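Heads up, the next two complexes both have chain A, just with different partners, chain B and then chain C.
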Partner chain A sequence: MSTFLTATGLVLLAFFWQITLSGIQRKVTARIHRRVGSPWYQNFIDLFKTWSKSSISHGFIYDFGVLMALGGTIATLIFIPAGHIVVFDKLDNFFVITYLLAVGSLGMAMSAVGSGNPWASIGVMRALTQMLAYEIPYIMAVFAIIYANKTASIHAIALAQQGMGILGWNMFRMPLGVIVGFISLMGMLGKKPYDAPIAPAEIASGPLVEYGGKHLGMLMLQHEFATFVEVGLFVNLFLGGGTLLAFLIKYFIVYILATMIASVVARFKIDQLVVFYYKVPLALAFIQTAIVIFTGLG
Partner chain B sequence: MALENEKFNEDKINEIDVNELDCRDTLTFWEKFGNIFRSKSIWMLHYCTGCGAMELPPTMTSRFDMERIGMAPMATPRQADVLLITGYLSVKTLRRIIYTYEQMQNPKYVVGFGSCTLNGGVYYDSYAVISRLDYYLPVDLYIAGCMPRPEAVMSGFKKLMNMIKKGEALGWKRYQKYYDWYKKNQVRALGEVYVKDEFHE
Partner chain C sequence: MVLVYSMVSFFNPYWMEKVIHPAAYNLFYLLSLGGTLGVFYSKDFLTLFIFWELVVWSSMFIIPLGKSRRATVVYYGISTIGSFAMLYALLLLNVKYGTFEISTVINKLSTDPKMATLFFFLIVMAGLTKLGIFPFYTWLPIAHGNAPHTFSPVLSGGLVKMGGFIAFLITAVLPTSKVFANHLQILNNPYENYILMILGAISIIIGTLMAIKQDDAKKLIAYSTVSNSGYILIGLAMVDQTAFAGGVMHVFNHAMASAAMFLAFAAIAYRTGTTKISELGGLIKRMPVTFTVYLIAIISLAGIPPMSGFASKWLIYQGLLRKGNMFIAFAAFFGSVGSFMYVFRPLAGAFLGQLSPKHKDIKEVPFWMQLPMLIISGLTILYGVYPGLMLKYIAKIQTSLNLPAIGVDGTKILTPNGMWDSWTVTLVFTIGFIIATILYFVLPKAKSVDLMDTYTSAEFIHNPDLYHYSSNYYAPFERLYKNHPSVEKFYDAIALRFKELGLLVKTWFFNENPAFTVFWISIVITAIFMWGDKI
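And now, the complex of A and B:
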């Protein structure tokens, strides 16, 4: 029963925190563009509005994929330790989260292809290619952490970093790894240099092209929850988790930093993106892993 | 010549004042509740038909910044709430506009920019341009001017938001209720109107 309540609390926390932060992110982008920007609660209004609109179906797969994406992402979310809120203690394994996160992406891909729109197929193809590009360097950098800590439990890795103050964080113990992690995080979030899958002016928002009304609202919510999972994973792996307040502050800094970088750069083409990921971050991740394995530093 | 005129008179538009059409019904609690959110988050379709599109970049970017009142451009008709008819509407474009409008999800709103959508403007006697938009699609709001300046566009959008909040922007209900009348006018202008569904054929 307490597990159920904690899980519900975590989902509600992710809902209010991440959607508030999405509003703040729009405000930050606007200020960098020298605009006033929307109010911080704008994303709540957007979500409730999409749920109040009518919506059409393109068949069973189209409807089912949306539910699979949202359900899969919520299931992933409750494995993320947020500060000292740990729903499944000792089960929050990195590999469990990686596998479950794919359920959300695949649900969305299935649903988008089920709509039959060619833009959606192009968008899904690009999203899966991008996934292939960022996951290899990311996994490599995380393997170094798992090797150094001799565990894959996210909460255990976060706890192991809290002993020696700020210098105990993996960010300072593995400086190359954190660069790889952050570049991969930008790709996971679909932030600006890596937003080829949803390029609105080029392929009409890619996988989301056929969604309107309630379906679109559910996929927006899925995106917010997936963002919480990805940023939460980064904070736990590299910045040492901490208490709930420390977790949220670190989360805020990482997310706003990614936003600020995204608001001043242009978009990579998908082939440039793959070549970049396989050149720079993969090489850095190799060096980091070699240092950890052969010298024991970190 | 006389024969042609007679024939022309035969399929003349059955003129009615569209604003007098009765489509007001009582709003339920949930509709009133939804209207609050709908009025504060307006996603417009990024599809520009005429010269009025020139006024949208300054309205969107840092000079006037429409995002501060919750408006944002959207990429596809399925996601959008408001369809902007920015200026003159040629007969060829009208067909695409109708397809686009019918793809949008309810509730949806149409805003006509400039004098061309009101009465044809400088193209009032052109064979290729339609003169009155509200024969073909239910327009919720006109913004006058040739073209309206961004100040007028912003003030028009604020007015549209107030109308949505009060439940007065009922163009989409009018389109559903008087579909036959609109469809007749569309067919008269275009010859035939059908949505081609390549995927399911």
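And now, the complex of A and C:
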């Protein structure tokens, strides 16, 4: 029962925290662009508004994919340790989380292509290609961390870093790894240089082109939860997690930093993006992993 | 393996009419089944070799019943390399030790590392050719793509796994980690095993990149088999607690997944007559059962929980992590993420999207064709949620091979790096799904519209075929490795040289022109004359 309550608490925390931050993110972007911007609670309004509107359905898989996307992402979220809140200790394996997140992506991709709109197919194609680009450097950087800690449990890795003060964070022990991790995080979040899959002006928002009403609202929610998973993973792996408060502060800094970078750069084409990820971050990740494995540093 | 055969045989009655020589097909089908069984139960190497050749021969005659005769030539040519290497190794052993008995041979080899190395590479060659590991992978796409639709699942699910058995025999039954213990160690692996792992890693990358490019679904699945054989080989070559268990488990998982995928496309081909992704589309409305089967198969193949494919891949990752084999791990991760790309292409192109008007009236396949597909999918889910059922046997195998056995506790798999509890994950996933469903039904109901009723940038559309994005799916990505080097070209070059040599011999010795005959006669007479009394 306590597991159930913690899980509910975690989902609610993610809901309020991440949607608030999304609002703040819009505000930050606006200020960088010298605009006024929407209020911080705008995303709550958007979410509930879409849920109350009428919507269309393109058939069974179009609905089912949305459910699979949201359900899979909620399931993934429950495995993320946030500060003290650890729902399943020892089960929060890195690979489990990475691949569970893929359930959500698969659901969304299926639903989008099931709408029959070619823009959606192109967007999904780009998203999958981008996934191949950012996922490999990221996993290689995390490979070094798991090898050094001899465990793949996210919570255990976070705890191991807290013992040695601020210099014990993987951010300082593996400086190349954290660069790779951050660049890959930007790709995961679909932030600006890496937002080819949804590119609104190019392919009409890609996978999201057909959605409206409650479908769109549920996918927005799915996106917020996925963001919580991705940023939470980064904070736990590289910045040492910490207490709930420390976790949220670190989360805030990472997320706003990513937003600020995203608001001043232009978009990569999808093939440029693959080449970039395989040139710079992958090389850095290999160097970092080789240092950890062959010299034992870090 | 037997399971795959028996499942596929449900399909056969429907295909019989389309095959040219039904009787021959049946005979060879049963022969290859018998041969495969024989390989797994044989006690000495000679029996093993005979059954092995039986399978090669019978399948050699089945493949040309499909589309192309050249496929057989390639298949047989590459199989021959492996068979001859194996035969040579066996005869060598017999000369040296005077026996074919597997257990005796293994015992004697254990004390003779030099001989063991030679034997290792010769026998493993046979395994590699069957598994379709680089550089012998070229026969897979050609043979799988051209074989009769019902035989492709058998090729991929049964015959290819025979190679896995040989690799298992040679890496684990011959205890490589002990025999080669004094040899050069690369990242805690003897170099012999590491060479196998490198070959496996190359196969994963090549298989993935080539599969992403394919438009023919059967070729795509064939290349994915190349990539997954790489996982099996890596797992088996590690010979440790976790990755080895993963490798053995992956043999079964991949057999299930690829057989289901091939059967799904056999079903599609049965109704539409094509396996080209770009000619299909929107079939989910007409063939929902086939779609479900395909979906479950790809989730397992891509290694997404809670299907069985995840457990085996996860075990292989754990093993790689434990030993710090970073370059092999890179290939493994690349293949895994890349597999999302290539399994999604048929899903999007053939099942989702716009339904082509020419497929408007097709129906779902008959029940007896659905049944085997459903059984395979059921097994995939069962072993995904309860991997312990299979790992229990693998643990027994490991104990009998003096390896530390994989830790299994009900639905939990315990490894030194952490554990995996498929039941909890499945449960959490179900709860998440239920929350989403409740939310969906609480919110206002959606209006159902047609697939053609979409956002079209305010243009009028009228042709569903043109409005379906399926050809050249990954064009921007494919462009990046358009000019890749390829072994096929190298093999073609060798084949060309061979042909030229044959032509040369033909022109000199078997020419129709009498002048050549006269020339040779005079040469021989001259030679005899010159030799003269010395003979």
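FYI, the second predicted complex is superposed on the first by the 298 of 298 C-alpha atoms of A that agree within 3 Å, B and C clash if a C-alpha of one lies under 4 Å from a C-alpha of the other, contacts with A are read in each partner's own complex, and residues count from 1 in each chain.
Assume contacts are C-beta pairs under 8 Å (C-beta built on N, C-alpha and C of every residue); 3 or more make two chains touch, one makes a residue touch a chain.
No experiment lies behind these values; they were computed from the predicted model shown.
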item: Touched partner set for A:Lys90, first chain B, second chain C, both or neither; value: second
item: Which of chain B and chain C A:Ile56 touches, first, second, both or neither; value: both
item: Touched partner set for A:Ala201, first chain B, second chain C, both or neither; value: first
item: Contacts of A:Lys150 with chain B and chain C, given as first, second, both or neither; value: second
item: Between chain B and chain C, more extensive residue contact with chain A; value: C
item: Contacts of A:Tyr211 with chain B and chain C, given as first, second, both or neither; value: first
item: Footprint overlap on chain A, where chain B in one structure and chain C in the other make contact; value: 52-56, 116-117, 204, 209-210, 213
item: Sites on chain B touched by chain A in the complex; value: 30, 33-34, 37-38, 40-41, 46, 61-62, 65, 67-68, 70, 73-79, 81, 104-107, 199-200
item: Chain C residues within the chain A interface of the complex; value: 187, 282, 284-285, 295, 299, 302-305, 310, 314, 317-318, 321, 324, 326, 329-330, 333-334, 337-338, 340-341, 344, 347-348, 352-354, 416-421, 424-425, 428-429, 431-437, 439-440, 443-444, 446-455, 457, 467-470, 473-474, 476-477, 479-480
item: Residues of chain A touching chain C in the complex; value: 7, 51-61, 63, 66-68, 70-75, 78-79, 88, 90-91, 93, 95-96, 99-100, 102-103, 105-106, 109-110, 113-119, 121-122, 124-126, 128-129, 131-132, 135-136, 139-140, 143, 146-147, 150-153, 156, 204, 209-210, 213-215, 217-218, 269-271, 274-275, 286, 289-290, 293
item: List of chain A residues in touch with chain B within their complex; value: 26, 30, 33-39, 42, 45-46, 48-49, 52-56, 116-117, 200-201, 204-205, 208-213, 216
